[in-house]
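For reference, the structures are reproduced in the following blocks.
Each of the next two complexes has subunit A plus one other chain: subunit B in the first, subunit C in the second.
Presenting the complex of A and B:
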């Protein structure tokens, strides 16, 4: 597989006051695509589209219709040579194309055959997302590829036992990545987010089924643009240092702290999935043992590591440092990037808290948390989130976060805000 | 492999793999030394003392006999791999025949030797055969650790978030407490049970986390802190419902895990217990 270049930049204030322990840094990772990317990589990729065909998909009738169209659009975006399959999900899961539960190699002929099968899809039955994922896992297993990606579309809540659902997700973790889309407003944000977080994908709402085709096509294009699979963020810390947290902060907030796997002494790997031509930011917080003033220490060596059959390969690295000083002017400065993403993380939390309080009928908390969110979105220039917030609260003063809860809020607006609460904006240049 | 200024072997040539120090750091810049010295951990390098200290260390007998006077870990460089103690601190003074380093003697060096010999408790202890011998003697003495240890229980948001993220069956029902007072328990005796009061079983654990606020993830008898003969404390999970983490790693049931100053025990849905050794707070 062709390999992109990875560039790692560190933004931090490396100065700590005497006795200071906490080191914060934003790590910006940018991969620029290799020139020969494209069809050359196709043989290494496989793709499965999972379409909800439960009974609810037929009401309104346009929903299953839109799902079929979206799947057809996605099939068109699959590159020649990529192995693919389509799965229909109900209370069970069954292969739609190819019908024998394997993967087919994309070419004009197989694509048409798949489209024909998709157009015959009918709705009826329950929703067992875990079983759908497990079937996808099995199908991927028939022809292992480096990049294994799935798209999951659903419109309803999962009917499975929590344990079975969690178990299924855990089994798929690390096997394939999965982008999830919820159609309409009857699905559960937390459920799909659980799938997309564990399987390193995105989650979004498609409130209007007519928008589905364009969305599927975009998702498939992005999946086809991935050039390397299984990249891990490796953080190596000195003895006695502790990682407080590692989280992705752009383009979305994704907590990675608990997903560490040990990688030799004092080092741990955090999964980041597949990379195309893109840029992501990570916030790393390390607690170190303080040293004497004027001493310098490496608080963390951050590298991007590609795990392949031939062993780990380092794609790029950056250094997070700590220098102790008694100059308060140096040590009290907060790095702009760190401050920005600390704010974005708080923004996401404030929205989720506020919406939860609103649902629970606690209007005071909802007003104060959503007000805080409005103020943070305003300060950081997160326009998209600010607009979504304005559909849920009436904004009196954005700067101070003075808001009033709207009496009537469309379900779609509330769910859109919830789903997209973890989308961040980058630091203004 | 190259050696860092402190003596660790490091593959990386810019910053030491082990301690994170700059490989080309000067060993004794003027004025850098004592300003902020005295912090307890691995970083407490009073750089000014560096050259002298390292010189003495090299003169020491083979590493096999060199043990940290505080935690008895085998010595491999200037800083103890086990507890981070600066093994060369105050060495020049001690060499000058000054054996009244009372502070250091008290600094957890109380660990093994019950004040029998100042020499064995000083940083020089590991340099001499006598010192090494007195460690074993101290171990046998088996005196409980001095009442210097305490356990501080508090609510940890980050841990709660990871617990919620891993989404156990009851996760949704548990909320993070709006207010949780910090509770400090002095560690005394030979064992301290961690859990929740149970009138029906007549159980009152020494570290009683009944609350409020109540952490429903804590078992009645969740874990036990025990002191090891001659040194600090260790934790054992006798088989709690939801498990116990030490510094973020889940510990096996029934296995003693030794603890150091500053180690964190996580249990339940949001409870964090931090081990503190009060002498080391003085160093800081």
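Presenting the complex of A and C:
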């Protein structure tokens, strides 16, 4: 597999006041790609498209038709040599192509055969997302590849018991990554986010089925651009230090704190999935034992570790430091990057709190939380989120966050805001 | 050729005639400070927890504490002359540098010592002091070997040191990037000590015997001195808020082309002390310093220099501390191992590190 270069940059104010314990840093990881080698060789990648074929997909009829077209567009984007399959999901799950529950190698012939099978898809039955994922897992297992990626499309709420659903997701964690798309407004944002977070993928709404084909094609292209799989963010801390949190903060917010697996003494791995040519930011907060003024400490060594058959390999690393000082001018300075992403995290939380309060009929909380969100989006220049907020509240003054709840809000607007609340913008240059 | 001073280039073996700075055959820099000689080895245990696991970035693998680097605490002993440099307790790095050399010249053996103190408020002060000390030691070595008079060699050396520091500045941002350092150098040859300086690093004469007068050989280029010259009392001047602002330095606009130079013929045996203000701030008077230096210096010069550094640390260690002690006369009559053929700089061979920070806001200026 070609190995991209990983560049790790640390942004922090390393100065702490005497007795200070909390060290914050933003870690920017940029994978510059092994250009001469190109994306992963096709033989190391496999791809499964999971299409919701439940009864609701036929109401309106354009939905199942759009799903077929989108799947066809995605099939066209699969490179020759990549192993692939299409799965239809209802109350159960069944292989659409190839029909025997294995993977087929992409070439002009198999691609056409798959498209023909997809065009015959009909809607009818329930929604059991856990079973769909488990079938995909089984199919991936027939021909293991380094990069295993799925696209999941649904339009409705899951009918499974929560325990079965959670259990299915847990079984798929670390086996394949999955991007999720919800069509229309009858699906549940929290359910799909649970899948995409656990399986290190994205979640988004496609309110209008006609946008589906372009979205599927884009997702497939991004999946085909991945060069390395199974990269972990390894954080090594000194004795007596405690990790407060590890969180991806760009391009979206993903809590990673609870997903730690131990990696030797004082070190833990946090999953980041597959990487193509891209850049992501992480916010790391460590609590350390204070040392005396003028002492310097390594609060965390942050490295990107690739796990493969030949053992772990460090692709890049950065150092998070702490220096104690009695100069208030140094220790009270808040690093611009840390401040920015602290704000973006609060923005996402304010939106989710505000929407939940609005659903529960608590208008005061909803107004105050969404107002706070408007103010944070305005300050940080998060234009996309500001526009989505403006469809849910009337903004009187963006700077102070003075807003009024709109009387009527389209379901699609509310769900779009909810789904995209975790999208962040980067620090302005 | 056939000259007795002919020697071989350590890099290519070609015979060269000192005082050539570079080997004519391969271009090897003959006067570059030695890398291995006297390099202080970093401590093998963490000062925080006692662990012996120190990682490649010089942090303790167990407790994360920074282990002192060669520059945080360095000491060197070339026989008859020693230097100790320490980060102190308040600064997070050592911005002082020193260079020592014992050489042969046409007029006999000579000792060379240089101490530079990077100006903390300037750009890259740690690199400035190192570049200044290195450049001066090289030029002093070459000039004295070629038979130059110590006073002329001293002026040439400070000029080269000032240029080396100025050259560190980033030409793209001349206004902000003005590296600067103080400078004090001593050449001891035969009965004469020649001292050259810019700024407030000092040279002192400390007699070996009690009851003999010690004296300060330099006169600070500082606001305090200017105030004293205008009639203010020394205590009052040193207490003024700008007392420590220097009026001459290595670096842009530092007026080092017009340095203080003085020659002194000590009447008896004793020691030349060069130091940064990290020491003399706590004990400026010559008699006091002489009392601290004796009697250890008579038997163990390194112990005496270490004791001076410890004195400054115990008194607060607010600044970096550098102390160089050299025996007078030179070569020391009771010391057979005075000859070190190459100049030695501490810290030796520290690679110039580009200012590495993705975020200008995270680094103090």
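Methods note: the second predicted complex is superposed on the first by the 424 of 429 C-alpha atoms of A that agree within 3 Å, B and C clash if a C-alpha of one lies under 4 Å from a C-alpha of the other, contacts with A are read in each partner's own complex, and residues count from 1 in each chain.
Just so we're on the same page, contacts are C-beta pairs under 8 Å (C-beta built on N, C-alpha and C of every residue); 3 or more make two chains touch, one makes a residue touch a chain.
Only a predicted model underlies this, so the values are computations on that prediction, with no experimental measurement involved.
Once the complexes are laid over each other on subunit A, subunit B and subunit C cannot both fit and instead clash. Of the two partner chains placed by superposition, subunit B and subunit C are both touched by A:299. In the superposed model, A:291 lies in contact with both subunit B and subunit C. Of the two partner chains placed by the overlay, subunit B and subunit C both lie in contact with A:238.
Of the two partner chains placed by superposition, A:391 touches none, neither subunit B nor subunit C.
Once the two complexes are laid over each other on the shared chain, residue contacts for A:194 go to subunit B alone; subunit C is not touched. Look at A:79: by the touch rule set out above, it reaches neither subunit B nor subunit C. After overlaying the two complexes on the shared chain, residue contacts for A:319 are found with subunit B and with subunit C alike.
In the superposition on chain A, A:138 makes contact with neither subunit B nor subunit C. Contacts of A:336 after superposition: subunit C is touched, whereas subunit B is not reached. Working note: subunit C versus subunit B after chain A overlay, options 55-63, 127-135 or 145-153, clashing stretch identified as 55-63. Overlap of the subunit B and subunit C contact sets on subunit A: residues 237-241, 288-289, 291, 293-299, 301, 319, 326. The touching residues of subunit A, counted against subunit C in their complex, run 9-15, 28, 237-241, 288-289, 291, 293-299, 301, 319, 323, 325-326, 330, 333, 335-337. Looking at the complex, you find that subunit C touches subunit A at residues 48-49, 55, 57, 59-60, 62-66, 87-92, 358-359, 361-362, 364. Taken together, the subunit B residues at the contact with subunit A in this complex read 12, 14-22, 25, 29, 32-37, 39-47, 79, 81, 84, 158, 161-162, 165-167, 169, 247-248, 284. By the touch criterion stated above, subunit A contacts subunit B in their complex at residues 18-19, 162-163, 166, 194, 197, 236-245, 255, 257-258, 266, 288-299, 301, 319, 322, 324, 326.
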